[in-house]
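Structures are listed in the sections that come next.
Shared between the two complexes below is subunit A, which has subunit B as its partner in the first and subunit C in the second.
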Partner chain A sequence: MRTIETDVLVIGGGATGTGCARDLAMRGIRTILVEKGDLTHGTTGRYHGLLHSGGRYVTKDPQSATECARENVVLRKIMPHCLEDTSGFFVTTPWDDPAYGDVFVKNCRLTGVPVQELSVQAMLRREPLLNPQISRVFEVMDGSADSFLATRSTALSAEEYGAQIWTYHHVVDLVREGDRVTGAVVEDLRNGERIGILCACVLNAAGAWAGKIAAMAGVTVTVLPGKGTMVAMNHRMVNTVVNRCKLPDDGDIIVPIHTVAVIGTTDVHVPDPDVYGIEPDEIQFMLAEGDKLIPGFSQYRALRAWAGVRPLYKDRDVANDRDIPRTFKLLDHAERDGVEGMLSIVGGKWTTYRLMAEESVDALAKRLGNTRPCRTAEEPLPLPPTEHQTTFRPPVRTTGPGASVAAEVEALQHAPLYWLGKHLSEVEHEQSFADLICECEMASRSRVLAAIDAGAKNLDDIRRDVRMGMGPCQGGWCIYRTTALLFERRGEDGLSHANSNDALLHFLQARWKGLVPVLWGDQLRQARLDELIYVGVLGADRLRPIAEQGGGLVTDNPAVATEYVKA
Partner chain B sequence: MNYETIVIGAGLAGMMAALGRAERGERVMVLAKGHGSTHWAAGCLDLFAEADDPLGAINQLVQTRPAHPYALAGVAALEQALARVRGVAEAVGYPLVGNAGRNLLMPTALGALRPTAFVPATMVNGEARQLGDGRPTLIAGLHELRDFFPPLIAANLRAQGYAAEGVYLELPPVERAHDFSPVVVARLFERPAFRAALGRQLAALVRKGGYARIGLPAVLGLYNAVEVVRELQALSGALIFEIPTLPTSVPGMRLFHAFEQALTKAGARLQIGGWVLRGEGSNPHLHAVFSEAAAREQRHLARRWVLATGGVMGGGLRAEHTGVVNETALGLPVRTPSGRSDWFQARFLDEAGHPIFRAGIAVDAQLRPLDAADQIVYTNVAVVGSALADFDPIREGCLEGVALATGFAAGQL
Partner chain C sequence: MDHIELSLTQSLDHCIKCNICTSACPVAAVTDAFPGPKYVGPQAQRFRHEGQPVPDASVDYCSGCRVCNQVCPTGVKIAELNARARAQIVAERGLPLRNWLVARAGLVGRMSCGPHAPLLNFGLRLTPARWAVEKVIGIHRKAPLPASSTYTFRAWFRKHRAPTTARRQVAFFHGCATNFYEPHVGKAAIAVLEHNGFEVLLPKQQCCGLPLISNGDFKAATSAHEANVQALVSYARQGIPIVGTSTSCTLTLKEEAPEILALHSEDVQIVAAGTYDIFEFLRSLAERGELKTDFRPIERHLPYHQPCQYRAHRLGSPAMDVLSLIPGLVLEESHAECCGIAGTYGLKQEKYQIGMDVGAKLFDMVKRSGSDLALCDSETCRWQITHATGVASKHPIEILAEAYGLEL
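Up next is the complex of A and B:
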């Protein structure tokens, strides 16, 4: 077995782990990050897409609210290209306790969450499809966030500072010598090679899987996986995030992100973060809740459903699951369990990932005798090659609680905030209409090729970079085109037709999984058209005998195949 | 206007039925909200995929599966329908070649080999038995056409033992950059200068590589493809064949066009753009249907009706999130797998197909719609094509065969 040495091994390629790797590398600490799937394979790629204002937590979890409010501003400055300044409403519908509005405002003030009440008429002017029976509206600094792009950008920065990012590498064991963790054994899922990594410290950022990692070192960390389901609708009925003004509950937020509106979420305890289903009644429930915010919501075309698992950390002294705080926690296993050489960072939100990384790396740096300060809150993230630096700058928000921050972000000039028309304006600018590989999501040939050249390991990786296959047709045209481009681009590096065929079959199946829960109406019709294309025109089903794994593309290792199939 | 027969739906099934009735001298109208699956499918006639001898397999199938649309229409109707559709295509100079007793194996735009019974003459030179004669084949496309990728097609063909190479040709100069969709490129192929420029490039490649055949995307002209193929053969010195691309299907549009001509000649009227919303009848007779076009409702009267609106894909059936499946034009009862949990297989490409796509309308031997108690709903309605229950046109590979056979049967009743 090959062995490699480093200062810190980060486990987990979600927002938290990637953020840690960047922070470590920026402080000059040698770092390797391992992730069993692609970046964002875990909860970070299956969340709701909300850049929290903090409003959701002001009453039940004030510490989280304050953290979110602060990080919200920081993230706008360091990753504007990943965030859309949608703003957010908390609305009191006829189904909500009218008394909560005043409590909400008071608690926003206490926790430092900027808020401003709006008239219902003003709300309806901005969002005419919202329920006219809404009685009160409060505006907060919510936004929507592309966690795929953000994680990719963070990883790129980490690499620029010297960190190594190993995707499709699975930690199979931690090495413990006496009271000390000295390294790990990882497996390259695409070829089965095992590699030893020796390190001064392991940073466990495995989210809902953190308990499984800790157990490899003989340490107990109780993470309760709480599954939440989301449904993307094919229309952006609102351009503002809409939350119900009540204590956090199921199906109470609609987030406009890119071309869709996503409703979520639920919270169902599951025994294992790798095995869960999307239940039909969850979907029905959320569509019904959507109708309360936007009358007729359930009649729009549902595009896709997915589910993620919350990494809720249960402290040893908490008796009741409901009292688990939603903030994050850094566990120093030397202090806590008498095991040196490992820290675990658990809980938290996407919005607070940078802060979690800062605290973890502060503790690690101290241990390694490194005194360099954290700079992740100041230095902006680089743009990955799939993103173009756009010249056109969208209008900047001038009203509401987010106005002053928006002006500050604009003044930074490094990249404008994402806006809905971004890709269209690029396509218009480049006159590349005739070169769109995925028409639904406006992914041009040059962006798809950039994703391939940046090292995408399969079509799903390309999807995460440029959103190809995420639109209404869920890949009807672009799966074929992207497979062929992958083959043409990588053919000389030894990627065979058989590997390409396997990538195509794999991705067709990956898209199918998230479709099944929402197949009715037009989306069912679309799925049937896709079947006609892949079976009746292309004969993809007949390629199975000449499809095989390899070329660094797809693996059938059960470690990465999250199984959720239920309709 | 009073019609003897109104056909709802302008796919192969509807047009075949309309042609039959019009040729019997009836006043016929085809009423449809859009084009049928001709415009999406490969433009070949699939009769039954999983057999070398489709006709033989269908002869057996009608014994073992009496509710299958082939069994209801009868094998004789299929055979007559095939003769008729070949006549329709021949009449516009676009012959269909093949044999109901032996499937052809045609290369796809992925380089897989797909069985089908009849193909347009413009495709036939690509049949696998010809490709396998040991002489090299060139697959050529244009970068600008995003629905056809020669290198992957050629690599997959080689993997199956066929000598093939893939190249991109240079797009001859065109006035301005438009979208190079299959239909746009097909129009470009109707220009002599465009063909000549590509022909010269092909000739040079043939001289260098000694190719016996050249596979091109099925965009070689909208309505004069046979001539285009002939001309490119003369210019290049190799046999030319078309390979179907992603939708929109140019070969499918040619078939549609052939039927349009035949229907016009037979005096039938084709009205596209009218959405049939409901029918009006008193059991067991349908009197009228209401269609909507440009937000205006129109009432249509006829003595006899043919429902040819297709299945889920055609829009004839629509599933609700509650698990109910509706027939969209007349509100006929639909046979459906019991609950939403039984609608799908776990694997997208499961050989068995997804049960929801066997949903459809049950009919008697005269194709009249039945309710759950097997009672006839309307005696003057015939249901044809993919709207019928108990079969999966795509997975069984019988989309066109069933459309033609049932359409033909309804045309003769």
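Up next is the complex of A and C:
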């Protein structure tokens, strides 16, 4: 077995782990990050995409609210290309306690969450489809975030500073010598090779899987996986994030992100982060809640449903699961459990990932005798090769609580903020409309090839890079095109057509899982057409015998092939 | 937002990406400048956001022929989405002078119609003049511009003596073309209606607004439609049918203006429901046995093109149905999607050739027929057909009047 030495081994390629790797590398600390799937394969890639203003936590979890409010501004400065400045509303519907509005505003002030009340008329001018029975509206600095892009940009920066990012590497075991964790054995899931990693410290950033990792070192960390189910609707009926003005609950938020509007979420505790299903009543409940915000919401076309698992950390002194805070916690296992050489960073949310990384790396750096300061809040993230450099800057918000920050961010002249029309405008500018691979999401051939050349291992990786297959037809037209490109591009590396067939089948199956919960109306009609394309025309149902794993494309290893297992 | 409006704005959700519209689109078939109805319609719509700059420009190459709507298996209102997207572009970037001008058929007609018309017509046939018009304004030098009339249809109607035997009334919507360029079409319609026992009333009216809609000038289109509704609604309320010879004008009153401009008042709906294309109206008379059939035989074999805007009425082929009552007359249908002119589209310098290519199938058919006359219900299509083939063209109502032996 090959053995490699490093300073820090980060476990988990979500927002937090990748953020830690970047921070470590920027401070000159040798770092390897291992992730059992692709980056963001766990919870980061399955969240609704909200850039929190903090508003959701002002009452129940004030510390989180303050952290979100601060990081919201930081992220706008370092990753504008990943964020859309949608702004956000908290609205009092007839189903909500009208007295909470004043409590909400008071708590926003206390926690430092910028807020501004708006008239209902002004709200309806901006979002005419919202329920006219809404009685009060508060505007906050919510936004939407592309968590795939943000994590890839973070990883790219980490690599530029010398970190090694190993995706599709699964931790088989942690090596413990006496009271000290000295490294790990990891397995390359694509070829089965095992590699030993010796390190001064392990940073467990495995999110909902952190308990499983800690257990390998004989340490108990209780992470309660909280399943959240979300539904993406076919188009944005609102362009502003809309929250119910009440204590956070199921189905109380609609996030316009990229071309879709996402309604979320449920919160169901599941025993195992790898085993969960989506129940029909969850979907029905959320669509019905959507009707309260946007009358007729449930009649719009639902594209897809999916779920992610929140990593809720249960401290040893918390008796009731409902009291678990959404804030994060850094566990020093030397102090806590008498085990040296390992830290776990648990809990938290996407918006505060950078802060979580900063605190974790501060503690690690101190231990390693490194005194360099954290610079992740100042230095902007690089753009991955799938992102085109554009000079067009969408107009800057001039009203509402986010106006002054928007002006400040714009003055930095970093990459332009994301805006909804971005990819369409690029395709129009390049006149590449005859060369679209994914037509629904406007992924041109050049961007798909850039994703493959940048190391996307399979179709799902390409999806996360360029949103291929995420639109209305859910891959009806782009899956076979992308498979062909993958084969063409990687054929010289030994990728066979049988490997490509396997990749195609794997991706079709993954898309199908998300379609099943919303199979009615337009999406049922779509699924029928997709079936005619893949089964009727292409005979995909008879492809299995001439499909085989290999070429580093797909792994059926249970470590990654976990999503949507019916509980 | 009412349900009619929602059914339009939400219709993008019905797109299953099947590409049937893209394969049927006559414009996408002949040019790479137009990515096709699926792309510019329901697909691009997901990337548009009223509060943000318009991200796209290619939708301007949509001719508005509505073939996409017709073939869409799931009922996406593609043409309406496109018209609105173009209006957003105009709202943001302004209306070019050329489009401002060609969208105002009434204004241009009023200025060019009159005793000076022969001189103007002569001038506009001169190559250097057309070259200058192309350079300065952007109207293609070869594009078919209609010849102005020395008198307006309305002026003729004022002097016209109607028979006194009429039992019923209709209101006639003549549109700009009949009034300023082709009064003879209106005269034929009046003769046919009067022959069938109708008193023809002539309401005040202005341009239906379609050229304004298709050039993205929604503000002017809205005021045109509102004025027309105001002038027409009293007729419709009395149950007097509003009948028009221009298929695009009647479609605009019936459907395009209300839907695209989101005008859904009760008056708008009453006018829409009370408006008929003239052959739609005559066919309904024939179905009730109320159409006179004292036709003289016309032993001719004529090519007939049903305009895209007429098919968009979703009425089958009323002109064919009625003309088939004329003994001896055989019509050969073009089965062409579009002649390419699409109102003002084919006049534009950058779109003229696209229009000609779109119409190629129709032009071939007309030429192959060997006929010296082609029939078509829409004025701009007739001008395009004659321009492209050299074959004269008439409105079917003119043949009907001829079959009745009516003096015009």
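In this text, the second predicted complex is superposed on the first by the 563 of 567 C-alpha atoms of A that agree within 3 Å, B and C clash if a C-alpha of one lies under 4 Å from a C-alpha of the other, contacts with A are read in each partner's own complex, and residues count from 1 in each chain.
Throughout what follows, a residue touches a chain if its C-beta (ideal position, glycine included) is under 8 Å from a C-beta of that chain, and two chains touch if they have at least 3 such contacts.
Source: prediction; values computed, not measured.
Look at A:Leu529: by the touch rule set out above, it reaches both subunit B and subunit C. By the touch criterion defined above, A:Phe487 lies against subunit B but remains apart from subunit C after alignment on the C-alpha atoms of chain A. With both structures placed on the common chain, the touch criterion links A:Trp512 to subunit B but leaves subunit C unconnected. When the two structures are aligned on the shared chain, A:Leu110 is found in touch with neither subunit B nor subunit C. Once chain A of one complex is fitted onto chain A of the other, the partner contacts of A:Gly421 are limited to subunit C, with no touch recorded for subunit B.
Shared-chain residue A:Tyr300: touches subunit C; no touch with subunit B.
Once chain A of one complex is fitted onto chain A of the other, the partner contacts of A:Phe433 extend to both subunit B and subunit C.
Of the two partner chains, subunit B is the only one that A:Gly539 touches; subunit C does not reach it. A simple residue count on subunit A separates subunit B from subunit C, and the partner touching more is B. In the superposed model, A:Cys473 lies in contact with subunit C only, and not with subunit B. Judged by the document's definition of touching, subunit A residues 433-434, 436, 476-477, 525, 529 lie at the interface with subunit B and also at the interface with subunit C. Across the interface of their complex, subunit B is touched by residues 280, 283-284, 287, 298, 302, 431, 433-437, 445, 476-477, 480-481, 483-485, 487-488, 491, 496-498, 500-501, 504-505, 508-509, 511-512, 516, 518-521, 524-525, 528-529, 531-543, 546, 565-567 of subunit A.
Residues 1, 6, 10, 12-18, 32, 35, 38-39, 43-58, 74 of subunit C are the ones that touch subunit A when the two sit in their complex.
The touching residues of subunit A, when paired with subunit C in their complex, are 126, 128-129, 234-236, 239, 259, 296, 300-301, 392, 394-395, 419-425, 428, 433-434, 436, 439-440, 442, 471-473, 476-477, 522, 525-526, 529.
Residues of subunit B that touch subunit A in their complex: 37, 40-42, 46, 108-114, 144, 146-147, 149, 151-152, 155-156, 158-160, 177-180, 244-247, 249, 311-313, 315, 318-321, 340-341, 343-344, 346-349, 351, 354, 356-357, 394-395, 397, 399.
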